[in-house]
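So that we are looking at the same thing, I have put the structure below in structure tokens.
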Amino acid sequence: MSLTTKVKLGLLATGIAAGVALPYLTSPFIIGIVTLALVFGLFAMSIDVLAGFGGLVTVGQAGIFAVAAYGVGYTATHLDGGHVLQVAVGLAAGIAISVIFAIMAMRTSGVYFLMVTLAQGMIVWGLAYRLAPITGAENGLRGILRPPAVSAYWTYYYLVLAIVALAGGLLWIVTRSPVGLALRGLRDGEDRLRMLGYNTAFHKAYVFVLSGLFATIAGILYVYLNQFISPAASEFATSGHGLLMAILGGTGTLVGPLIGAFVIVFAENMLSTYVERWTTLLGAVFVITILFARGGLVGMLSQAWPRVLARFGHPAASGDAGAGSPPGAALDGTAHATSNPHGITTEDDQRSSR
Amino acid sequence: MTSTIPRRLRTPLAVTAAAMLVAVACSAPGADETAPPEQAGEDAEGPGDGQEDTPTGEVPDIDADAINVGVLAPTTGTVAASGQDMLNGWNLYWDEHGSSVAGREIESVHEDTAGDPSTGLNKAQRLVGDVGVDMLVGPLLANVGLAVAEEMNRQQMPVLLPIVSADDLTQREQLDWVLRPAGWTSSQTTHVLGEYVAEQGYERAVTICNDYAFGHESCGGFANTFTDAGGEVVEQLWNPLGTQDFSTYIAEIQQADPDVVFSEQVGADSVRLVQAWSSFGLTDEIPLFGNDTLLDQSLLRNMGDEAIGLQSIGRFTEGREAPATQEFVNAYLDAYDELPSYYAAAMYTAARWVAEAVEAVDGDVSDGEAFLDAVRDVQLDDSPMGPMSLDEYGNPIQDVDLRRVERRDDGRLWNVSVETFESVGQFWTYDPDEFLDQPVYSREYQGIE
Amino acid sequence: MTMEFVFFQLLNGLSFAGLLFLVASGFTLIFGLMRVVNLAHGGFYLVGGYIGLTIVLATGNIWLAALGGALAVGVLGVLMETSLLRRVRGQELPEVLLTIGVAFMLGDLTLAFWGGDPRAMPLPDYLSGSVDLGFIGYPRFRVLVTLLAVAVGIALWLLMSKTRVGAIVRAGVDDREMIAALGINIRLVFTGLFFFGALLAGLSGVVGAAFLGLVPGESDIEILLFALVVVILGGLGSLPGAAIGSVIVGLIDAFAKALVPELAFFTLFAPMAIVLVLRPEGLLGRRA
């Protein structure tokens, strides 16, 4: 075990220790917000699996998130199922919809992929409003109680903290596995990968489902946090916020989406009382991040404190096996030339690919 | 956070942290079992009620002298306009009457729900946990209201719902800490309409309502009394919320060839239905009757000639001639340059209700149950919405009007009263116990035998 | 089901398709020639509708409203193209992400400016009322929307395939350097194109305001979804594809609501899924 790894683990432990101590330091309201931020952090991570590591920007992830949540909710309210069954149905529903979406999207890339996922997410939103017998339409499903062991707000917070930490660990492993490498290959040059004999469509589907699994878990945690589910969860805005969290924090990094989620969730719950045009502000943050800080907060840190970051900020700079390109690389135009369905390479493309 | 730690501290910090990790690894997942003694009992008490005995280091910033009222209303998002109406009505009352009641100041703290249940619940938690309000009033949407009411009931916080009309909150699923001063149930007004329409001699009705609980309940009220009075419901159409194009439904209505149509719609769907009704030339062919929301003032503001002459049932009629109504309407017009919607009227009336209840307990709202009892006992002899008092289930007995849309001299559209039905309760003329034995109105159960 | 009912539904579907084509044509045009997926297109539609509504309420003239709404949104499009998109020209994902940010802002700012109440566009008498089609009467406005869509479709096709401007644009897409070598300002061509696509969005917004009404935060998203399904079905970037996609979606919408009301929205999803699996480039899209 290298020194840097020890330091990283130490910091991880500090983070977890702080997380564990938190309920003793602050109010239930704040804990509620932190829990929500953790759930959305996981959700943003799921987007980052596709966008940051695979260069496949999804804007329909809220669809999967919501299907899982509705799976739990429907089992709880209509089938009187126990918690084990609820979670099982939620997982099954989330994974099933991920597989269906993956099959639909796996032969597309670049902006086509983005559009397909957008339509997918919006259709779930539309169905959440319209399939009243299953979803309760606008009223949603209520009375989805947490298991007794985590019924108190702070015990549930610990559960979410543990699961998000585990999921982060899993993601860390996956991005360093052969699949993770293939995923980066997808981002950096799908054609090249195809020529090497990879079945790129299959790889995409695989990663899509993996990403869907994270979104599914986030959806299940979300529904138990609120103890109800309504169509608002499946809105385009939810997917958009998730993507913004990933981009703002820094795509292609593990901590980026989590940091982004904390910034957005806290800002929303604290600022929106005072800032009337909150959504406009979010849109502006979106634009500014894309134009001026594509690496997100982690990327900015990496420029400001390269040495600090080299040791624990994000995997790219640490020189670990499987390390990728800098944060936000997925969003630079590199995916463009390869995903261009007409095979047109323009002068601008060439410039941006350099 | 991590990156600002000075270099020389890193290694010692890392070692300490690693040690903590070991400790944490044992306790974090099982925190509910290894929690400190003062928390261990919480699980048994159910979610949310750990409010008082949590290990919190913060002292909430309560103004000890004032009575703090948390007002939940959406002021952003798609229902923001009606949410603003709610605030306007609420504020108008306190502006007119002063905010001092029984020697105590009533301080209203507004939070924006954005029309989203999750946000609404967070904001309610903030009002209760961080601000320390004594009661919650609002919100607008049923989904937000239900989420807030259930959670706050668990936390034993008084919740007053002047707008949210989900039937069962004062019927089969009453919550001890939730009352509806100046509120209503969705089917309360449409019960009246079904019987009235049948008595006018109409025999074959088609209903077209939104496919969710509010639509099911509004429509059920109509269908139940209409069929009991001898009418026949020949077809029930359920359009999803957010129906863009009503033309298909128009075609189906024409095919069913009814002699009367009842419709519940909300928001944009109301505007679109009324628009389609007129552009397909049905205005002169088939009489259309609406529920409260189809032709509420909040929508009439933006409708045109196509709405004139349409009739609806409603508990607030801005063109009602009674002095209490017209005083309110004119004051509202002066203050906000528009006519009040039912959202504004209900919140205005609810404000008065709160004031009278606070008066009755001499300004001491520390005992939530006693305060709620005082809310139950309030009798409004008159209000912009007429006389009101709560029944034993916590829902008002109130006047209901059959209304018709007319154009005022100043060019604005408004509803005028055609006929007033006095002292209507949520069970209409049915026996409460028998009524409650039936399921709540749904797509499957519409009270049609 | 009577023949009359079927015919009525056909008209319902086709007139809705007309509106969808107006929306989707601008979207697909910008993509086909500039490769920019403009997710602010729904926001453009909404802004166009509101500006049109404001003009109608002030002047009572629907034609002035259509002109004003279209031009204003065209200018908005130019602003977005020159101030934002040009900075990331050629980078597909940043381009589309920028338009998401703009979509957020437009939706919220229209809410701030025009309020959240649902609005409907009043029509002059000669556009409202119904027209006798032999054995049934049908709203005149909806018939006109269908005809307008057909006219716009033909005009666009002629413009792109028969005129010098169209030739320059097509050439510019295929080979920018060649066009530049001919002394044509390719930047200007693209800005002009974006203006034109946004103009169509604004125009469709004015039509849509009278057709469906306006709701901030809902109309823009719903219409964007319909436009997406239309172009995914028909083939991204293809004008004839947008026409076919519109007709398919319009007819499915009308008949599904009557025949399988519970599945009304799912019926949009199914054809899209089938097309994506069997022919990802869309019915008339070009193969990658």
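Per-chain residue numbering starts at 1, and chain names A, B and C are given in the order in which the chains are listed.
One rule holds for everything that comes next: a contact is a pair of C-beta atoms (placed from the backbone, for glycine too) under 8 Å apart; a residue touches a chain by one contact, two chains touch by 3 or more.
Everything quoted here is computed from the prediction, not taken from an experiment.
Chain centre most remote from that of subunit C: B (centre = mean of CA atoms). Looking at B-C alongside A-C, one finds more C-beta pairs in contact between the chains of A-C.
Averaged C-alpha coordinates give centres for subunit B and subunit C that are 37 Å from one another.
Centre-to-centre separation of subunit A and subunit C, using mean CA positions: 31 Å. Of all residues in subunit B, those touching 2 or more other chains are 76, 238, 240, 242, listed in ascending order.
In subunit C, 108, 264-265 are the positions where the chain touches two or more neighbouring chains simultaneously. Residues of subunit A found to touch two or more other chains are 130, 133, 276, 278-279. Against subunit B, the residues of subunit C that register as touching in their complex are 2, 5, 8-9, 12, 15-16, 108, 111, 115-120, 122-123, 128-130, 137, 139, 141-142, 211-213, 215-219, 222, 253-255, 257-258, 261, 264-265. Interface residues of subunit A facing subunit C in the complex, by the touch rule stated above, are 55, 57, 59, 100, 103-105, 107-108, 110-112, 114-116, 118-119, 122-123, 126-127, 130-131, 133, 236-237, 240, 243, 247, 276-280, 282-287, 290-291, 294, 330-333, 335-336, 339-344, 346-349, 351-352.
Chain contact summary for the complex, subunit B toward subunit A: residues 2-3, 10-11, 13-21, 24, 27-29, 31-32, 35, 39, 42-44, 46-48, 50-51, 54-58, 60, 75-76, 111-112, 114-119, 121-122, 125-126, 129-130, 141-143, 146-147, 150-151, 166, 210-214, 238, 240-242, 443.
For subunit C in complex with subunit A, the touching residues are 35, 37, 39, 84, 87-94, 96-98, 100-109, 112, 173-174, 176-177, 221, 224-225, 228-229, 231-232, 236, 262, 264-266, 268-269, 272-273, 276-277, 280-281, 286-288. In the complex of the two chains, the subunit B residues touching subunit C come out as 76-82, 237-238, 240, 242, 244-245, 247-249, 251-252, 254-255, 267-268, 270-272, 275, 278-281, 298-299, 301-305.
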